[in-house]
C-alpha cells in the first residue's frame, strides 16, 4: 500500500517534470515543424544563468530563476534567427534543422563548459524541507513542481489553442505564405514561438537545477525524455504531450517498482515501440 | 631536448571534471621538473589527447596522435577507455604508459603475457581489496564498540559498469562467506540516476544493517544520499569511491555526515602523509581548488617516469625505461609504490598502497582504517539508533 | 452492355460521423469514357480513393475489376492489375526526370525490364505529346500542363485497362483543355477505358459517353450525359440556374 | 568538359587515395584515413535510407554496432578468421535491419525517429545485459587481428589496414551506385517525395522501405565488423549519441541524396576535427568551431558539399 | 483621382530566374480588373509581388497613395490589400472555424469579424456544416471555399483572387461570382486571375493579358468592344477558340 502511494507520487513527479521538459519542444514542433535538439541545452543554460545570478552574485533564487528564463529565451531567439530562419521552406528543412539545432547543442554545451567549467553545481531549493503525502516523502521543492506543471501547461494550452496570437504560431508552421496573407508577421511569430519554448526550457532547467546537478551535459537526458514524450503522445497537440508525459512518468515509476530500475528503460522502449506499431500516430494522435 | 609527456584524458564530455584534474596534475609535475632543470638536461612539455566521450575510435585516434609524435616519451592517464584496450596499442609501439584506471581490466589484458607489456604499468593496485576488506573493517568497528548494528543484513545496489558491478559481486561473496544475509542486490543501468526512491522503498521493507551503493558517479551518489536522508533507515551507508570526490561534499553538505567509503590507490589524507600534504598544497596554490585523486595521481605518474628516465638516460630507450619503472620503489602520495611483475599493478597492502576507509563527519573526511594512517575515529551516524 | 470491366456494389466510406460515400453501385463497360460529376465534397475523389485503395479502401461494399474482387487488396497490387489513377492535387516526383518517372512506373507497374520500359515510355510520351526536349529535366521544373501530361503518361506507360483522372482540366487554359480533349480521345481510341472526374463542363460533356452524378455521397443520376444534365435535381444540386 | 570532370572526379580521387600510404608513412595519418573511410561507408549507406528514401532512421548506428559485435564474437569467441568475421557483420546487420524494418515500414516521418532510436537503445541494453556473450559494459578486447599468410596487419604502421578500408569503401560505393541508378533506386526517390503517387504507380511503399533499410545495413555492418577487427575492441559506446550525431552531420554536410557527398564530408570532418585537436587548450572550442563551420556550409550550400562542385559549373539557363 | 493600386515597372522572380519584366498596370478606385494569359507567365508571381511575399527587384508599387513595395505582407494586409492565393492548402492541421477566426488577425480586420464570419458562412454553407473538420481532409472545392473565406475575413479594401474557381462546381462558381460581384459593388475593387472567361467577364471592367512577365495587351471593355470581340482576343492567345 505504502509503496503504491510512494510510486504514484514519484510517477506524478516524473510526469510533471517530463511535461515541463516536453512542452517547449512540443510548442516548437507543433508550430514551426522544427525538432529542436538544442532544447535540452537551453534548459542547461537556464540552470547556469539561474546559478550565476542566485549563487554567483548572491542575489537569491527567484531573481535567479527569472534570469534563467530570460537568458534561455534570448538564446532561443538567437538560435531561431541564425540557425533556423534561413532554412524555412527549404527542401530538406526537417533534416537540416536537425543538424543546425545539433550544432546549437554543441555550441551551447561546449560554451557552457568554457564559461562555467566542468564541475558540478547545484541551486538551492525554492523551499527547504520535506513534505509527506499519504506517507510518501518528497521535498517541498518537488511538491511545488507537481503543482506548477499543470498550471504552466494550462496557460500554454490556452495561449496556443484559444488566442489568435497563439494560433498564429501554429499557422506559420503549417503554411507560411497563407499565414502572411492573412496578416501574420511571420518572422515575428517564429521568434515568439521559439522564444517561448526556450523560456519554458529555461524555467525547467532552473527548477531542475535544484534537484539535479548543473553540468554542461545536464540537458541530454531531459531532451531524450522530452523527445519520447512528444512523439509518443502524438505530434498533434499540447494536450497529447501533457497526457503522454504523465502516462510515461507513472509507467516508469511503476515499472521501477515491478521490474526494477535496470530493466525499466528496456521495458519502456519496448512498450513504446509496441504502442507506435498499433497506433502509428502516437498514443493520443489523430489519424 | 624537449620530451613530451602525453596525457590521455577526457577533457571534454561527461567526465571532463576528471580530465581537467588529470591534465593539471601532469602539468604541475612538468613545471616542477622543468624548474629543477629537467632530467639529464631534457626538459618536458605536456601534450593532451582528448578522448571526448571515450568511444573506441576517439580513444584510438587520440592515442595514435600521441603515439605518432616522435617527441612523446611517455603517456600518462587516469583512465581512457572503459575497456583499457589502448594498452595494446601502447605495448605494440613500446610506449611508456602509466595508467590509474580499472585495474581488473588492466590485469586481464596484461597477466596472460606480462613480458609483452614491458612499458605499461598501473598505479592502481589490484581491486581484490575492494571486495574483501570491507568485512574485516566493519567487524573491527563492531568489535571496538564504535558501531552497533541491528542485524546482519546487507542491501546492495550497483551500476551496470565493470567497476561497480565487479566490486558489488566481490563484496556479495565476501559478505555471504562471513555469514551475512543479502536482502537486496540490485543492478542499475549505467548513467544518470535521478530517482533512487524506488530502491530505497524496497530497502525500507526490510531495513538492513548495511546499505551499500557501488555507483561511483558522484552526482548519482549525492542524489542517493539526499534521498536516503529524506527518510533514513537504521543502516550504515557505504558508497563506493564517490564521496572521495570533493564535489560530493559541496553537493550533499550536512546530508552526507556519517557516510562511509573506501579507496584503493587513492591519495592518502594530508594529516597522514607529508607527501600528499605537500602535493595538495602545491595544487591548490596553482589552481585554487582541491583536486580529485587524478590530479595527484598523474603528478606521481609523471614523477615515476622522470625517475626511470634519470636512471636510463635516453628518452628514446623506452623499453629500458619501462623496465626501470617496473623496479620502482617510491613513497608517493598514494603510499609506497612497487609494481607486481605478474600483473604490472602496484602492490597493495597496508605497507604499500593501502586500502583506506573513511567516514564523512560534519563535512570532514576522517580516515579510520588502516590504523597506521588513521586520522580519527569512526562515529555511529546520527540517523542510526 | 458487355461484361463490365469495373463494378462497384454498394460501396460506402465514412469519416467519423460523415458518410462521404453511401451505397454507390455502378458499372463501367470496357472501352467507354465514364464521366463523374457532382457538387464539391460530394465524394468523387473519395470514390476514386476507395476503388484504388489509395490511401484507403471502402468501409463496406465490393469493388470488382476484370471479374476479380479487388477491395482489400494492397493498393500497389491494384495498380499493377491495370487500374491507373491520377490525383486532383497535382503529384510529381520532383527529383526524377520525366523519362525516369515513366521508367519507374513501367518497371514497377508494368513489370517490364529496362529496355522494354524505355520503348514503352516513348510510346506514352508520344501519346500525350510530351515535348522531347523536356524529358530529361527534373520534374520540379515542368510547367503545370507538362506536369499533367507527365502524370497521364506515367499512368499510361504500364498499359492499364482503366485510366482514372481526377479533375485533369482544372487550372488549364482553354487551348490546353482543347489539347487534353484530343489527348483523352486518342488514349481512349487506343483501347483504354477512362473514368473522368471533372468540373470543366466543356471537357466533361465533350468526351463522356456516360455520366454519373454524385450528391452527398449518393448517386443522384446516371446515364447519357446530356439527358442527365437536363434533370432538374442535377441542375439544382450541381449546375445552378444559369449554366443550362 | 565539365560533365566529364564530374564523371572522372571520383576516379581521380580514388587514384589519389591509392597513393596516400606512400606519401604518409606514419601510422597516425593512415589511422585517420582508415577511421574516415569507416565513417564514410556508414554515412554513405545511411544516406541511402535517409536521403534517398526519406526514412528517418535514427538507429542506423545500431547496424554498425551489430556488425561490431558480430565480428568481435565471431573472431574472438568462435575463432572464425577475421577475414570472414568482417563480412559476417554485414549479414547479421542486414538481418537486424529486417527485424526493425517491419514496424518502421508502417510509420511516418518523425515517428520513425522515435522507434528507430528506441530500437538502438534496446540494442545497447541487450549488449549490456548479455555480458557473458558481449562482455557487457566491459566490452571485448584483444580481438584477433588480420593476417595474410605470414604478413601481420599490426606493426606495419597500418599499411595493410589502409588498403582493406579503402577497398571496402570502394566496394560500398560501387554497390550504392548500382542501387541508386537502378529503377529500384529511382523508386526510392519517388516514395520519398510522393507516397500516394508512388502507390498508384505500383510501387509498394512499405516494401521499398524495408528493402532500403536492409540494403543500407549491409555495408554498414561490414564497416562495423572491420572497425572491431581494426581497433580490436567492441564496446557499447558505438551505440551512443555522440557517434550518431557525428555520422549524421557527415550525411547532411555532404548532401542529402548524393552518392559522394557523405564520403567527402567524412574525410573533411575527420581531418578538420583532428587538425583542431592538436591545438593546446582548444579542446572545447574546437567543437564550437566545427559546429559553426557546419552551419555555415549548410547555409551557403544547402545541397551539401557536393553541390559546391555544381556551383562551379555555369548555372542552368532559366526555362 | 489617383489609382487605388499602381504597379510601375516592376521586375521580380525567384533566385536567378526573372519572371516579371518591367510590368506596369493600375487599378482605379471603382473598377475591377482581370488578368489572363497562358500558364506560367507570371500572373501568380505578380500577385505575390504586390502582396509582399516576393520582393520586386525593380519598380514601385503604390497602394492608396502609399509606397508598399518594401513593406512586409502583414503591413500590406493591414492596409486592406488582400490576396487569396492560388490552390491554397491553408493550415492542414487547423479546423475550419479556427482558421476563419484566425484569418481576422490583422488589426483592421478585428472589428466586425463576427459579422463577416456570418457572411462567409452564408456564402459557403458547407463551411458552416464542417466547423470542426481539419483543413487537410477537405475536398478540393471545400478547400477553395475556405481559402476565399479567409481572404474575406481580412476585411479587404482591394481583393486579389488567384484562380478562385479552381475545382469549384458550376453552381458554386455561379454563386461565388454573385457574391464576389456584390462585394465589388459594395466598393471593394477586385483583381481576378482566372482561366474561366465567363467568370472573369462577369466581374471585371478591364483586362490585362500577361505574357512573358509583362502586359502584352490591355482590353478596356468600356471602349466599345463587344463580348464576342473580347472572347476573340482572349482566345487569340493560344490559337483556336
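Going in written order, the chains are labelled A, B, C, D and E, and every chain counts its residues from 1.
Everything below uses one rule, namely that contacts are C-beta pairs under 8 Å (C-beta built on N, C-alpha and C of every residue); 3 or more make two chains touch, one makes a residue touch a chain.
Since we're looking at a predicted model, the values are computed, not measured.
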| Among the chains, which has its CA centre at the largest distance from chain D's? | E
| query | Among the chains, which has its CA centre at the largest distance from chain A's? | reply | C
| query | Out of B-D and C-D, which chain pair has the most contact pairs? | reply | B-D
| field | Gap in Å, rounded to a whole number, between the CA centres of chain E and chain C | value | 30
| field | Distance from the mean Cα position of chain E to that of chain D, given in whole angstrom | value | 50
| remark: Cα centroid separation, chain A vs chain E, in Å, comes to 42
| request: With chain centres taken as the means of their Cα atoms, state the distance from chain B to chain C in Å. | output: 75
| remark: Residue ranges of chain B touching at least 2 other chains are 12-13, 160, 189
| note | Residues in chain E with touches to at least two other chains are numbered none
| Junction residues of chain D - those touching two or more other chains | 125, 129, 284, 287
| field | chain A - residues contacting chain B, complex | value | 2-3, 6-7, 10, 14, 110, 113, 117-120, 122, 130, 137-139, 211-213, 215-217, 221, 253, 256-257, 260-262, 265
| request: Spell out the residues on chain B that touch chain A in their complex, using ranges where they run on. | output: 12-14, 16-17, 19-20, 160, 186-189, 191-195, 197-199, 201-202, 205, 218-219, 222-223, 230-231, 247, 250-251
| Interfacial residue positions of chain D with respect to chain B in the complex | 26-29, 31-32, 35, 38, 125, 128-129, 135-142, 154-155, 227, 231-235, 237-238, 240, 242-243, 274, 277-278, 280, 283-284, 287
| field | chain C contact footprint on chain D (complex, rising order) | value | 183, 186-187, 189-190, 193-194, 196-205, 257, 319
| request: Sort out for me which residues of chain E touch chain C in the complex. | output: 38-40, 86-87, 126, 133, 137-142, 144-145, 163, 166-175, 195, 197, 234-235, 237-241
